[in-house]
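Here is the structure we will look at.
Labels for the chains are A, B, C and D, by order of writing; each one numbers its residues from 1.
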């Protein structure tokens, strides 16, 4: 059964130095408040996995919390590069960053295989490209019926997955809606999980019998953090802060401006400070 | 783009003698009206595939339309045996019925693989049981990472899939809701498809952004057949006719009573006769 | 009290085996009655899952089929059938799977496929359905079947789902890490696999049932536990809740549902 | 009319390549502008799909990211990302995929991964994302990139997605049955693979652009089709609709979206 905790307690109990951590969200519902809490609690030597590492991973990489990144597209969507990620890969600052690189299709299948308790996933992919030459985890199987050779990737099984969702009910059932990405799979594939939510309600108010719900007993810790996806967004609550995504380019470009931003906006703050970004669409 | 046709025209254009046909629906939304139309048009030598062949397949088997059945559970749910299926398997009446038998897990994965355009599916299954001894299509692959041996099944790729759904909009987009079974996968896995619907509406009125929708261009023919799932049911429209399921046991037990029922209730009727069973929940 | 039927005590004893912590994969018939009785009595927090995709469902009446509308309407959420078998069953998220069958052997292997040769069956049964993977992917398995020599047999003509195979080590040799059948609840007694031999052994007799009656109803020479007990009789409350559930069911769709196979 | 920018003609020409029958996998930036321009002009029936899971979306404004709320709010339905890549892209349901990249070679292979050695890159680019499987699973591929010697290179340091490999037969040898890149739309010209050699060849020059200018902007010795044409200039209507779209976008979230990489 899901346990209701403060975000600080949830991170303290569930995220450990050296863990394989997935913070997922495909543009939507990215768990920024939780990422900041991981920075404040000074976790080290993490391996981060995520299809689309964006600003939140740029921040974790920039503070030196990350030894390795497993990913398929690392950029600031619609803006450009992730400067902290590039600095770590290209110049080893503040610590060298190893990368294990896949395609989106492979990563999505790898989470799906993890949720399905399979050791690997099969896809029609990686044909005629160079990634398999630099990633020994891209292998193949032969179809036992047709003889066709297909690509494989190992299942992703995070030590802990962290996501943000619209709401939970008091039993700990969680509703996701809109662009749901790979979050359900990432939680089901993980050993432990933390879900931050906009609100905790009496009635989940799922609009459809087929709504995307994580039942209470599949979730580890739940923390109410209104606004916790900012500058990402929460469908039905508040929009994406595109301005912040654009502003990040200048903040992250230099080490000093990045460090100053982290001090002021992460280290000197708490999860409650995200509440200012919370709102609910009419 | 989906084409709007009468059910008779849709079956005439899409279901051919010798086809591999899937009529899916896990208790819910079973396409009875379409199955009756296939009987009226006297298709022969079909291979039928379906996880849970129930009364509609008992009827198709009983009229001699079927050479082979691919399935995982063949019974009258909560009532007992399918007498026509048993008569065909045990005594070859009216024609011998070959069977290819799987587990539910394998069939569900096989449809999923078909929808995903993979030649086979991988599952943790079939351990310590006799089905692989009698079904040469149950094989295995070895995980290229862990060395674990896992079961495989070939993807299901029907010539034509037939399903029933709640409604379509005038562009031909189809909404399914409630117990959605494997219907979406069965349509996406098929070369051709027929969808019967309770109603055709201006606005699909999907309750959630993540509702189960088959976009127009993934669907072949759409026929409005209100009540077309009877004696199965349509969530939000009318309930399951459990009485008919129970009554079927006596009807199907003897060849004569079965033949008489088919003459009266299928051959002498049209798809429009299903309308009497249609209703919409408040 | 003695005012209950053999089927009723079977259902009540099966219900008692469940707790609020369980996530239970429910089959139609006796398992469905037992699981919902547990939910309506001592295990209100139990999570019931039906293979049609309905998760955490709380039906007011027993379903006739595994996919009745009642199950979806009272569920927390309903997923597709591929997802059910991939993320939920194979995903290892089910603590207890309930199975029944046409035939069982002393190692709790089950047959629901054929009687006679597979290619020329004497009786063609419905087939395995979800059972082969339920039997290996759930944390443990409870089996409910009425005891009779035709059902409890010396040798199965076909193994549809795995119990303890041919005895100790069978499951492990196949790479199966779950417990398998931990109890078989019949209308006359409860059996459990012997800790060493893995052979089904009577651990309790229902009130008024003798060891000889049970022996006669079983197709193999049945063993009894050293500390053979009497099954506690159903309480008045258990029988009341069960009968109310079945009466609601009868009123809703006629006949005594949840009893058929 | 001549009142348009090089980027605008690139977008307009890309839009013209699409029809109402297309099901289009849309990337952010120029592809997104082109696809939505097509939808708002001659191809109202076009189905636009973004890899975030949004199917048949009709955004009023251009998204900044591939997963903006606008895309979901105006979509027919939104599926999970695993489903998007499994049932929709790998399922073979996409007629046209739009790609761009940091670098391209004469066979329309693309690099968006690294410049320099992979283990010690001079420039670490964002990576492939959906591109490797878009390039082989869509019916055909359109590429939009501004022409420059740094982008159109003799040899790619890294192949992120497959074009025509090393020439005729490359795709078939890998078991790939889709067409691959059928046109490359730049800000100066349109290229298509030569039917025989598969090498990118200029088939039309945008109004006012000379063959010498194009040759100079390309990193390999560029070939021209025998029947080299002039690209029809954007119509007033096309430019009007495009600018209105971008003005709506600017008003909604500031800046000129849909132009960034």
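The rule is simple: a residue touches a chain if its C-beta (ideal position, glycine included) is under 8 Å from a C-beta of that chain, and two chains touch if they have at least 3 such contacts.
Everything quoted here is computed from the prediction, not taken from an experiment.
Undergrad: Enter the minimum step count from chain A to chain B; a value of 1 means the two chains touch.
TA: 1
Undergrad: Looking at A-D and A-C, which pair shares more C-beta contacts?
TA: Of A-D and A-C, it is A-D that has more C-beta pairs in contact.
Undergrad: Among all other chains, pick the one whose mean CA position is farthest from the mean CA position of chain C.
TA: Taking each chain's C-alpha mean as its centre, the farthest from chain C is D.
Undergrad: What's the distance between the Cα centroids of chain A and chain D, rounded to whole Å?
TA: The mean C-alpha positions of chain A and chain D differ by 28 Å.
Undergrad: So what's the Cα centroid distance for chain B and chain D, whole Å?
TA: Using C-alpha averages as centres, the distance is 41 Å.
Undergrad: Provide the C-alpha centroid distance between chain C and chain D, rounded to the nearest whole angstrom.
TA: For chain C versus chain D, the centre distance works out to 57 Å.
Undergrad: Using the touch rule from the top of the page, what residues of chain A touch 2 or more other chains?
TA: If we look for residues of chain A contacting two or more partner chains, we find 117-118, 123-124, 148, 178, 180, 185, 206, 209-212, 235.
Undergrad: Check each residue of chain D and list the ones that touch at least two other chains.
TA: Touching at least two other chains: 72-73, 78, 86, 90.
Undergrad: State which pairs of chains touch, listing all of them.
TA: A-B, A-C, A-D, B-C, B-D
Undergrad: Which positions of chain B touch chain C when the two form their complex?
TA: So the residues of chain B in touch with chain C come to 26-28, 51-52, 71-75, 77-82, 85-86, 89-90, 101, 103-105, 108-109, 111-112, 123-131, 134, 148-149, 178-182, 184-185, 212, 233, 235, 239-240, 242-243, 245-246.
Undergrad: For chain C, which residues are in contact with chain B within the complex?
TA: 28-29, 51-54, 63-69, 71-73, 78, 80-82, 84-86, 89-90, 109, 113, 118-119, 121-133, 136-137, 158-162, 165, 170-171, 174-176, 253-255, 257, 260-261
Undergrad: Which of the residues in chain A end up touching chain C in this complex?
TA: 115-118, 173, 185, 188, 204, 206, 209-213, 215, 217-218
Undergrad: Inside the complex, what are the residues of chain B that reach chain A?
TA: For chain B paired with chain A, touching residues are 117-120, 122-124, 137, 139-146, 148, 150, 152, 154, 177-178, 180, 206-212, 235.
Undergrad: Note which residues of chain C are touching chain A in the complex, please.
TA: Where chain C meets chain A, its residues are 23, 47, 55-56, 72-73, 75-79, 86-87, 90-93.
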